[in-house]
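The following blocks contain the structures, represented as structure tokens.
Note that chain A is present in both complexes that follow, paired respectively with chain B and with chain C.
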Partner chain A sequence: MGTNRSAITRPSTSSGRTGSARGISPAAIAARIRRDPAVASAVLSLWLLLALFVIYPLAMLLARVLVDQGTFTTAGLAAVVTDRHQMRAFWNSLLLGSLVGIVGTFLGFLFAFTAARGRLPRWLLTAIDTAVLLPLVSPPFTTAIAMIFSFGPRGLITYELLGIKGYTVYGLDSTLFSEAVTYFPIAYLTLRPILAAIDSNIEGMALSLGASRWRVFRTVTLPLTIPGLANAFLLLFAASLADFATPLILAGNSFPVLPTQAFLQITGLFDLRGGAALSFVLLVPALIVFLLQRYWVSRRYYVTVTGKGAGQTPFVSVSPGARNALLLACALITLVIVYFYALLLYASVVVALGANHAFTLQHYRVIFTDGLKAIRDTLIIAGIAMPLGGLYGILLGYLVAKKSFVGRRSMELVSMINYALPGTIVGIAYLIAFNDRPFVLTGTALIIVACYIFRYGPTGIRATVALLQQIDRSLEEASQGLGAGSGTTFRRITLPLVLPAFFAGLGVVFIRSMTAISATIFLVSISWTLITVKILENITELSLGPAAAFSVLVVAIVFVVIAIIGRLLKLFRAPGAVAMTSVFGG
Partner chain B sequence: MTRVSVALHVDGVSKRYLHRVKGEIYAARDVRLDVRPGEFLTLLGPSGCGKTTTLRMIAGFEKPDAGRIHFDGQDVTDLPANQRNIGFVFQNYALFPHLSVFENAAYGLRVRGLAADAIARSVGEVLALVGLAGYEQQFSAQLSGGEQQRVALARAIVIEPRVLLFDEPLSNLDAKLRVQMRHEIRALQRRLGITTVYVTHDQEEAMAVSDRIVVMDHGSVVQQGTAEDLYYRPASQFVAGFIGRVNLIAGTATRTPDGRPGVAALGTVIAAAQVPEGLALGDAVQLMIRPEALAIARGGEPAALRATVVSCTFLGEKVEYLLRCAGETLHSVRYNAGPAELVPEGVEVGLRMAEDAVNILPGERP
Partner chain C sequence: MIVIHCFVQPIARAAAFAMLLALALCLPPGVAPAFAADTINAYSIWPENWARPMFEEFEKATGIKVNFVRFSSGEALARVMAEKNNPQVDVLFGGPVETFAAGISEGVFEPYKPPSFAKLPARFRHPDGQWIAIADDPLVFMSNDKFLKEHNLKAPASWNDLLAPAYKNMLQMADARTSGTAVTRIFSVLEVNGRDENKAFDYMKKLRPNVQLYTKSGGGGTLPVGLGQAGAGIFFIVDALDTKAKGYEVTISFPKEGIGTAAEGIALIKGAKNPALGKKLIDWASSPAMQGQFAKYKINFVPAHPDVALDPVLAGVLKDAKLFPIDADYAGANRKRIVERWVAEVLNP
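Up next is the complex of A and B:
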């Protein structure tokens, strides 16, 4: 019976996804609202919030670009498209994104393959995981600052070690290198579960048919991973396209990219319409990548990735020589990352890196006096955004995964928009939307908090949906059959099982609230500012010591919070519950 | 209807689905069942026959489009599952992964607001009953399939349900454990005297556990009765073929020379013990005979038919023959054959039929 049920749509049960297919009468909707008023009011409130904080700002951005004094016009867009300098920025952005996608996916695959097939001892896996996580949880400038410390005008490597004078660190090469190191962990986290989920018996089968290990890799392992590689490439492309911090510091004048151009247009030239038009141009490739990733690549997976990774005996699919080569390559890249962070730490405790290496705590004194407001503001905003973002994620995730209501799929899609779009676009859209009546929020903490909730809460939504999809319908029916009402069932069965997703959502919102800048740089004010913005100010004033100290502080805080959340996950995860492999997975 | 002797009364329930390809189809169509108090009733049929849908409607997980369901004379059709006081054992057990064995079993009692000591006592008893004393603090991930099955059973019976419902509970177990568990389930049900509805597609399992079997096909009940009824007196070719193995031979309804009902088939006229109602002479029918009722005649025994042995398969306790007779292929099984009795391939033999095992079923071969 169970097998044919999937092919059957069920007209009158609560679990069906058939609502849209059947066509629903207003009377039926009214009946449904009466039956489940809690769901109805939750759906309504979420739609209101999504309308205000996702749809409205985006509409206002489009209006600002396409409407002038009440009439439709493409003049603003035309100005960008015909401007050779701006179009160069557009093509540069695409070029940088593609290169970061290729290099990052390669690095990510290298690490994922080594981790999944290298038969590494547990401690080494943990070490790799930690090192690889570092760039993901750091403020956006960290690798960029380390690059300048190493290869800048008085860089440790170029100037002190090699004695090269006049080497310019600024340009495509450095930006590419810095972004690849920063974002390849995304590819690693995407590819590792896929490689781990490939049934090792398939590889064993190919080997038993006489194929060499290299041939097995080429004809079996790699083809099965291709959808994952495409996915990783698109995610990296999107990350690079959205990155505004790294190019701002490293790209220099010779290599303009769109997000930085939009930022400079607004903060430098006070040209909001021009900035909006630039971000609109950025919107097009960003949307294409998002739709490709969502509707094309993700449907082409050969292997199903569930939360359960363990339990497979690793197959001897890598020769000892190849294993050593892989390990060496990973070790080298890990070393680069560790070196960057060690350098950052070192720079934060010496007077001036490259000039005066005397030990000092002056930089920390500076950030805890001059920078104290930024630290306090950031912690308050992150502290407010964290629980709200976590709740938002679990609530919306539960509704779209378990309840049927009109517009369920569109709600899920709309909730992903701010998450998928480059931060620059979201930031400019918020700036335009909430600067004037009826919703004046500029200068408040609320606008930053809202930005974080709707931009980073979707991680919690995805985690919740993924978890709920693994929880069989019969669990809730079993509870119901034993006499429990829907409230008791939710509280005692569903909620404990999705708690890991809640913590994952909390963690991501907090970490991003501590480290993000691309959207919120447009939203800070005299009343409310952020550490990341302070770091940027420090860099532009060339006070790199305090910038390094701030970065070290953020990384330390984030690691403490990750550790706490890890403990909570362990504490609340009952032995049988579904595992959340990573807070950042996918 | 006499409601006193009926614990569960399913009164013509139907359930329609919208199929993506086939359009509107009936998952269950005018299903009527009466289950006596303490009776073990099994819904048997192939995949998609509507047995699980019927069970889920009894449980309250699905609402019928038409028809009513009564428990002890009380109409429960509009009651949700959590107010029907049922025990349900799922195919995949549906154990709560975040709760221990004890808490899984205690769940229904906690929902009912029982005192802690009463819960501890009941759960202790029920876990002992299913042989899981000492497993209280384990989690489902640590249990074997059979143990999970017992927890699911304990969780369902500890609330003393009005009706105990099983949805293919043994299909995830290996063959040996399946046989063991079905005996345990049956013994437990007899001991507790709970009215039980059991769904399976395995006819042997159905015959082993049930007081009565309801055979379903395409959403409808096609026949109900005891295992013997269904085996010896199937009402249709579908039931005959679904329960046990069977020889079906096309023929024509006729009378034997001594005036008894019979069938012209295999080049002769064979008398039948069972004849469908309303059969007219000359109708196309199927002669039905079970393989074990068809025997190779030993030397000197009278033989009604002549056949050639096509194959002889020795299976230890039994020997299976494939025979060719008047252009038809027949199966014959002989139990406890001695070593001297095996008939090799190619030999021409005489066939005997147990006359009371010959049935006539309506219709041409499907």
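Up next is the complex of A and C:
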């Protein structure tokens, strides 16, 4: 019954997916809207929202850079491009991004390979996963603070331990180190499923044909991972390009980078136009990376969930010696991460790290009195953004994956823009667009909520699209063929496959709402402030105790929420690995 | 496939409407927490640990609650200017008056002369009441005792002492793009060089290799100096004495050529939503009612009001110091140009 009605009232899904938007007459569109008002109204509302919160701010940013008193001019842009110092910041940003990409991908591969091929006991895997997640869910300054305390001129490691005097912590080295440690988990989470999905039969066959383990690794395993490596590199490059917090603390004055320069240009020199021009320059590499990632790398591999699993031959792909070496390397890096966070925890419970190490809970008292407003505001904003972001993700993802309508592809592309651009650009664009008529939103919670939904909701969109595309028709057909009703099929087969995307989207929006700063630093106001901004304030005022206490609080809240989401995913018997990857990979 | 349509479609429709509805509800600024009638909003340039006790005393005295956010002076002024058409706060509180002077040309302040106006010396008030001073804050040199001992140095007593090779990469001071402390410092260098800009910039360029880091906020280098991460720096006395009070072993000294002192101001924002209450805060802050409380909270500002006696400890520190005021008009008129030159020639040579 359902099948017949559906076939009559709406275009079939197969034609919907392959049918292009081109060549549909307005009359046909009108007819379709009459037939399917729900989809039409959903599409229309989404376009309105995208126009207001993605296209309009970006257009206003461009206008601010390129239009002066009504006439088109490139003077503002030229001032940046011809400025030696700003261009140095530009090249520094690219250099830092590339190095973070290389180092981070290497570390990520090391961990992913060890996890996938090292035959680790379960508890060890869990331990590594937890340690690796820490940097991803932490507020942005945590590794930077730990770096200064460890490697500064009076650092715990450089001075106290090694006795080096006058070591300069500020510069490329420490920024690179800090960013690599913070972002390599993205590479790990990108590469692990790829390595796990490589059919070990292939490796086993190569081995039995007489190839050495190294040769198998070099000629079979590595080539199969190359698209994944490229993807990881681009993701890390983009993450570094967008990171404004780490360089602000660690880059010092000898290694200026663009996001930090744009921030200082606006907050310090009252130069919105100059800041806009700087962020416009940053736009170019960010877009190139986004397009490369989207149209080149992501086409090279596809992991699908089907009902048919291939039998895996258990085989030993690394020798015991290599396995121990890999384990040792991973353990060392994990130890560094654990040390950083232990230091952070320690800093939050002593009077003044480095000077007075008496135990105190004073910093926690401070954040729950003076800082209470920031905590409350952050939780309210994250609480509002979370369900809306989750809904936005599955709604747009569902429409894009399963419906045909005019501009379907462009809708998906537009929805990804705020996600792909560095936060500095998005923040400045929002600041410019929503400070004046007709949309005066500065000072409201909405501007921050909208920023989070449209910037971090796309993870939910991607997860929804990926999951809907992965649902092999045979799964549902098999279920029905075995006698299950359509209700049972939906509940047992379809819903579990879409729900992870909902929770993934929701989880990312919440986590980022708790930890992001690069965009929202421009959007906080007298009425609405955020924990991360408070942390930055504390760091610049050198109240490191409260900064550490705030960070510990954020990590704790985020971990609780992740645990709840993980539980929910289990409850729905979902392929958790896929979902959790998209939660944190974004 | 089709099964999904039947179930997800209503969900999708509901979701779309829920989102629109929620966003529509958020739209008016009414989402901001509703404040009681007797609340005003302020940007504070003073750090929270000094602003908060002052505002709490004000609330005790008048029943008016001050809702505030702290920004560096550059950030605060940038915000006030950006919000000119839609002011978010009633009062700009604290910070060197040259920051305020830079805002006058932008027309962001509402002139107001509180009762204390007539009593204040000329340098503590803008003739039209665009701003009024609530405190005076001299710059000082602050050095780490252990660093001085390790390098066999005396506490710096001249601007040229800071050029010594021993300080290489060991000074921290503020970044002029965000910090009023830095701007006051640069104008101090200009004054001791007779406002000869080239001479002053030569000095700053010579000092550059000794500077480990230019910090975002004025007090940003105090803890590193306290901890010995840096050897010395130039800070406002209020930050320096605070560092000493926290137990760090540091020495405060003054250059024999003299060093600038900056008045700290307060101003009413043009178009403020609560001008009457804002004026009450200005009345209170510019009077002994507030400035008499500095000592109680160990806030080492020099009171601007002549009726408030200087704390004896602070007087002792300042005894032999040669101080000169920074000319707010000269500084305000040249600030942007000088800061830009500093960025181009000193920060990024």
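One rule holds in what follows: the second predicted complex is superposed on the first by the 514 of 586 C-alpha atoms of A that agree within 3 Å, B and C clash if a C-alpha of one lies under 4 Å from a C-alpha of the other, contacts with A are read in each partner's own complex, and residues count from 1 in each chain.
Heads up, the rule we're going with is that contacts are C-beta pairs under 8 Å (C-beta built on N, C-alpha and C of every residue); 3 or more make two chains touch, one makes a residue touch a chain.
Being a predicted model, the structure only gives us computed values, none of them experimental.
Can A:S474 be said to touch chain B (first), chain C (second), both, or neither?
Only chain B is touched by A:S474; chain C is not.
Give one of first, second, both or neither to describe whether A:E537 is in contact with chain B, with chain C, with both, or with none.
Only chain C is touched by A:E537; chain B is not.
For A:L482, select first, second, both or neither according to whether it touches chain B, chain C, the two together, or no partner.
Only chain B is touched by A:L482; chain C is not.
Of the two partner chains, chain B (first) and chain C (second), which one does A:P320 touch, if any: first, second, both, or neither?
neither
Look at A:P496 in the shared chain and tell me whether it touches chain B only, chain C only, both, or neither; answer first, second, both or neither.
first
Chain B or chain C: which reaches more residues on chain A?
C
Between chain B and chain C, which residues of chain A are contacted by each of them?
Looking at chain A, the two contact sets intersect at 2-3, 10, 13.
Where on chain B does chain A make contact in their complex?
16-21, 25, 27, 47-48, 51-53, 59-63, 65, 80-83, 85-88, 90-92, 94-99, 107-108, 111-112, 139-142, 155-156, 159, 167-168, 199
Show which residues of chain A lie in contact with chain B when the two form their complex.
Residues 1-4, 7-13, 18, 21-22, 472, 474-475, 477-485, 488, 492-493, 496-497, 574-578.
Residues of chain C touching chain A in their complex?
1-10, 12-13, 15-20, 22-23, 26-29, 31-33, 41, 43, 47-49, 52, 67-72, 74-75, 77-78, 81-83, 85-86, 88-89, 168-170, 175, 177-178, 211-217, 219-220, 222-224, 226-230, 246-248, 336, 339-340, 343-344, 347-348
Mind pulling up the chain A residues that touch chain C in the complex?
2-3, 6, 10, 13, 38-39, 41-42, 45-46, 49, 84-85, 88, 148, 152-155, 166, 168, 170, 248, 252-253, 256, 264-270, 272, 352, 354-356, 370, 384, 388, 391-392, 394-395, 398-399, 402, 431, 435-436, 440-446, 449-450, 468, 471, 473, 476, 486, 489-490, 494-495, 498, 524-529, 537, 540-544
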